[in-house]
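Note that the chains take the letters A, B, C, D, E and F in the order they are written out, and that residue 1 is the start of every chain.
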Amino acid sequence: MPAGFETLLSPVILFFILGALAAALRSDLAIPEAVAKGISLYLMAAIGLKGGVEVSQSGFTPDMALAALAGLVLSFLIPIPLFLALKRIGRLDTVNAAAVAAHYGSVSVVTFVAGSQVLGSGGMPPAGYMVAVLALMETPAIIVGLMLARRGGGVQVQSGNGLLHETLLNGSVVLLMGSFIIGLIAGTDGFAPIAPLFQDIFTGMLCLFLLDMGLVAIRRLRESRALTWRLAGLGIIFPVINGTIGVLIGALIGLDTGSAAALGMLAASASYIAVPAAMRLALPQADPGLYLAMSLAVTFPFNITIGIPYFVFLATQVV
Amino acid sequence: MSDPDPVDLERIKVEILLDSPLVRRVEEAAERHGLTGWTVLPTLSGSGRSGRWRDDQVTGAASKVLFTTVCNREKAEAFTRELSPVLEAYGSVLLKSKVEVVRPGKF
Amino acid sequence: MSDPDPVDLERIKVEILLDSPLVRRVEEAAERHGLTGWTVLPTLSGSGRSGRWRDDQVTGAASKVLFTTVCNREKAEAFTRELSPVLEAYGSVLLKSKVEVVRPGKF
Amino acid sequence: MSDPDPVDLERIKVEILLDSPLVRRVEEAAERHGLTGWTVLPTLSGSGRSGRWRDDQVTGAASKVLFTTVCNREKAEAFTRELSPVLEAYGSVLLKSKVEVVRPGKF
Amino acid sequence: MPAGFETLLSPVILFFILGALAAALRSDLAIPEAVAKGISLYLMAAIGLKGGVEVSQSGFTPDMALAALAGLVLSFLIPIPLFLALKRIGRLDTVNAAAVAAHYGSVSVVTFVAGSQVLGSGGMPPAGYMVAVLALMETPAIIVGLMLARRGGGVQVQSGNGLLHETLLNGSVVLLMGSFIIGLIAGTDGFAPIAPLFQDIFTGMLCLFLLDMGLVAIRRLRESRALTWRLAGLGIIFPVINGTIGVLIGALIGLDTGSAAALGMLAASASYIAVPAAMRLALPQADPGLYLAMSLAVTFPFNITIGIPYFVFLATQVV
Amino acid sequence: MPAGFETLLSPVILFFILGALAAALRSDLAIPEAVAKGISLYLMAAIGLKGGVEVSQSGFTPDMALAALAGLVLSFLIPIPLFLALKRIGRLDTVNAAAVAAHYGSVSVVTFVAGSQVLGSGGMPPAGYMVAVLALMETPAIIVGLMLARRGGGVQVQSGNGLLHETLLNGSVVLLMGSFIIGLIAGTDGFAPIAPLFQDIFTGMLCLFLLDMGLVAIRRLRESRALTWRLAGLGIIFPVINGTIGVLIGALIGLDTGSAAALGMLAASASYIAVPAAMRLALPQADPGLYLAMSLAVTFPFNITIGIPYFVFLATQVV
């Protein structure tokens, strides 16, 4: 097996596969929604804290500013070519193309977490500040997506009443940034008493969450009516291209191997929390069945199983 | 329903199935129309022309709730007239039915 | 509703929104009135003259449920007559509506 | 209900309380009858001739849901006629009531 | 106190007793259903993983095949004499007797888990493969139960549409077997990073779950209308007989003390997850209030408090 | 920063502030109710166990009886002057004044837990028996409150049908006392296997719970219609006075620094579990929006951020 791909046999990924198989076989296995949401919040708090604690040690570095800038730029630019591809190749109308494109400009927290896990166990953990980059990349694509929808057609975007507010203060963004700052303030000493919860059992919690994500992804794939073969293909090509660009930019701006790989994962991943909620409000004409199927049922599984090891491998080659 | 003047006790119950992120906006509309109260119920799953969904608290994008309010005819008509175009865009379902209330002054 | 004798199939559905700690007392009243069954549904949030609330399982003080029972007119009237003063004190909402049942003997 | 032709807007709401493992079968029946949509609501507890129950997700055996669908009279009759024997075996409750919808073409 | 019975004072059992007392005194103490379900899934994943990791160390042995065979045979045969006893002594009709009998042929995961805990702390943990035996024993009794119901009377069994499918792919079976296989693949090294969640806090989680089970069992006992004294008596005699047979067979086929005791616990325990769900679908005429009361409110408390120490004691005598 | 106040920078308090900020900014961050309730039950079980284990080591001492007596007396007496202040200064009617007063006579488990955390990390943990004092102080004020309501006006108190029963067997009281007794029986050895859940990850769980409490407190503050500036002022003056008296009495009866501070925290804190539930049943005319706003949205945040460090500081001065 090529370097990196042995992680396919780690429990984290195997639990994802178990969930996917159970859903494919139509088992009634299901994790209660409240519990899944609770674990999702836990993962965000833990990853935020960890990043903050690390930055409290390393201090603010030029690397950090560069990575943040790269992340922001990627997040603003990625949706544009994807929008065109989704219209031309994917045959979507303007509204749906814009909504889907916004998802790919944003990021998936769990893809990042699973990737960090793989990088960490491979001895090249991403820098702590990548968590801040992750948080920064959550929302810009939403704005780009809405602009594309507005320009592309006479679509009326339901914004106005505080959409920007709702987007910037999306629960996941607030929790991630908040925990990052708490980690920054607390430092290693302040983190020690809460490390048993937020660090020691973290990998196990990730297993349970990925079990749920496997179930959710495949159920969604099966129930989706809007997903065509063309779109599914794009859902795999997008992360490969975006991720490759992300890793290369990471290498270019001088990030370490782990951080470059993580930037690739961020670029490659598609949002399934902040963006869907915003799109449902601002672009109600767009089909949630479509964008969630692409983000959750195609791209997420691809990244978890193949994307992550590929970006790790690529980063070890180019950095 | 054996009461002296049943018409006075009769009110309209409006039920709206809508995406949870939308609740805040419907509540604002309800306040604008002077509705005195409402209650929101949870849902588990459903199916319609735009496909199936099931409660999904993680992404929040496929979770729906049932907004219910009881009021008199005029308010019900005004309220649903304003909401109709919005709900159309969001693919929601709106039902009205007759109910009898105990303390009609409250509604 | 195309059945031969619709009156026989017609029953009253009583819906009561009440604080969860009160359910036990309403159930006791239902048993006293010989109601054969009821079902309790959860709620998420609401708003009324006494302000807003949202489901709150930690303190338990602001969590409400919807108690529903289907029965014939007489029982519905007797049951709601007894409960009215109590519900008034607790600021609950009580609705009655006509429903048609399949096995009327059951209700 | 001040609309020009109320009959056209009138539909039947069918509510079925049933054991959660049965939902899949009722959905299949709904699809066979060409129902365009339905919504499933959660429940907390209840009581009937066969005793009391409360939501119980661990064993799953005592957890019930409320399946609701809105359609026209004919479909409602056909659908409930098919389900009646099944529901009888499972001790479920089925209610029908009149509702007014906003976009009748949808139902 | 005789050997084994001092475990009645372990927190695991004391939390069960606390829950039972709270319910008996009509306290409003209640664990949210979603959380209880979440803990139940956690316990299954943890026990599956642990079993798999152990088998990955010990390798497949003849013992294992013998234990699996013994478990399967017990699971197929136990319902038959119980069915007759339930009809004659318990005065149940055919359908209800068949439904109850099926529960006793199957197994209770938490009884097994609590028993393993006791055995482990007594220095004689059951072999890892007993988890696979547990999973194998979950479903056969369902088939036997349905056959008994069909033969015994003109009952129409509501099967057809994929009942077998639903039974075999019951969530608990899938999670248990899936985690077992993940443990097998991961081995000790792969398990290490997730051990803090799935091993270290396991006993504590079991306490919380048993607190809930105590509440549920006694509430059910109080609300049950169908439970007669005769049936309650059978609910205690069944586990004693089945468990004794299980331990003896375990000793006979040469299992170690812990595994023989565990086989006894499996034989003695009655399902409260896979079988009730299947019966509700396939035998709707059977009264769920009855079979859940016998399994959850009589046999489960008996096994947790008296059954387990007795089977441990018996195994130490005969092996 | 004065001694004690550096705890404002501990993650436990920072998570509370994060929740409060998120709610103030109208973020949609929310912890599912079932999960919050689950964590709340976990905290009560953990604190009960810990107290019981400690008393199992220290044995029953005269200190303990004195502390229990002091707690009971405080709990019975505090509501009386507060009732008068709420009527005269707060301008509440009799029923609402009585209901609010009852809350302040009772205690808040989480305030105690957060305070113990602060005391523990400052090297002066309260004695284990303070948990029993906490449990004892939960209910007496309910009775006093109802008496005040009945005497003060012609109010009909909806008691009768087992209100006393429901109050004494409130879930939190039962779980706290039950876990305390389990800890007492189990002792250090019995506690060891469950310590990873109930001790190691405790501080982390407290962080998550306080995140939720911050959200809940500020949302309630914003939505409250009944809270006047006068009442909010009383919600801050009450804990200062009650807590000061509590610390002084603790010092007077010879408690160690940590326990005296903890007694102050108990006196200062206002119930948000046992009392609201009882008041909703027994005094339905009282406005839950009012008493929950004062207890949860004013006094709780004050105690968590300023009250606790002040009581610690005071205790170090007077003991």
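Simple rule for what comes next: a residue touches a chain if its C-beta (ideal position, glycine included) is under 8 Å from a C-beta of that chain, and two chains touch if they have at least 3 such contacts.
Computed from a prediction, not measured in an experiment: that's the story for all the values here.
Counting only chains that touch, the fewest steps needed to get from chain B to chain E is 2. Steps from chain D to chain F, taking the shortest chain of touch contacts, total 2.
Put simply, the chain farthest from chain D by mean CA position is F.
Where the sister copies chain B and chain D meet, the same residue numbers recur on both sides for under half of the interface positions.
The most distant chain from chain B, with centres taken as the mean of CA atoms, is E.
Chain E is reached from chain A by a rotation of 120°, derived from superposing Cα atoms (nearest 5). The geometric centre of chain B is 39 Å away from that of chain F, both derived from CA atoms. Each chain gets one centre point, the mean of its Cα atoms, and the points for chain C and chain D are 18 Å apart. Contacts with at least two other chains are made by residues 28, 32-35, 37-38, 166, 196, 200-201, 277 of chain E. For chain D, residues that reach two or more other chains under the stated contact definition are 21, 41-42, 57, 97-98. Partner chain F is touched in their complex by these residues of chain A: 32-35, 37-38, 41-42, 45, 49, 165-166, 169-171, 174-175, 178-179, 182, 185-186, 190-191, 193-198, 200-201, 277.
Those residues of chain B lying in contact with chain C across their complex are 1-2, 13, 23, 27, 30, 36-42, 65, 70, 97-103, 106. On the side of chain F, the complex with chain A involves touching residues 9-12, 14-15, 18, 21-22, 25-35, 38, 121, 196, 200-201, 203-205, 207-208, 211. Listed in rising order, the residues of chain E touching chain D in the complex are 33-34, 36-37, 40, 158, 161, 166, 212, 216, 219, 223-226, 272-273, 276-277, 279-281, 284-285, 287-289, 292, 296.
Of all residues in chain D, those touching chain E in their complex are 19, 21-22, 25, 28, 50-62, 89-91.
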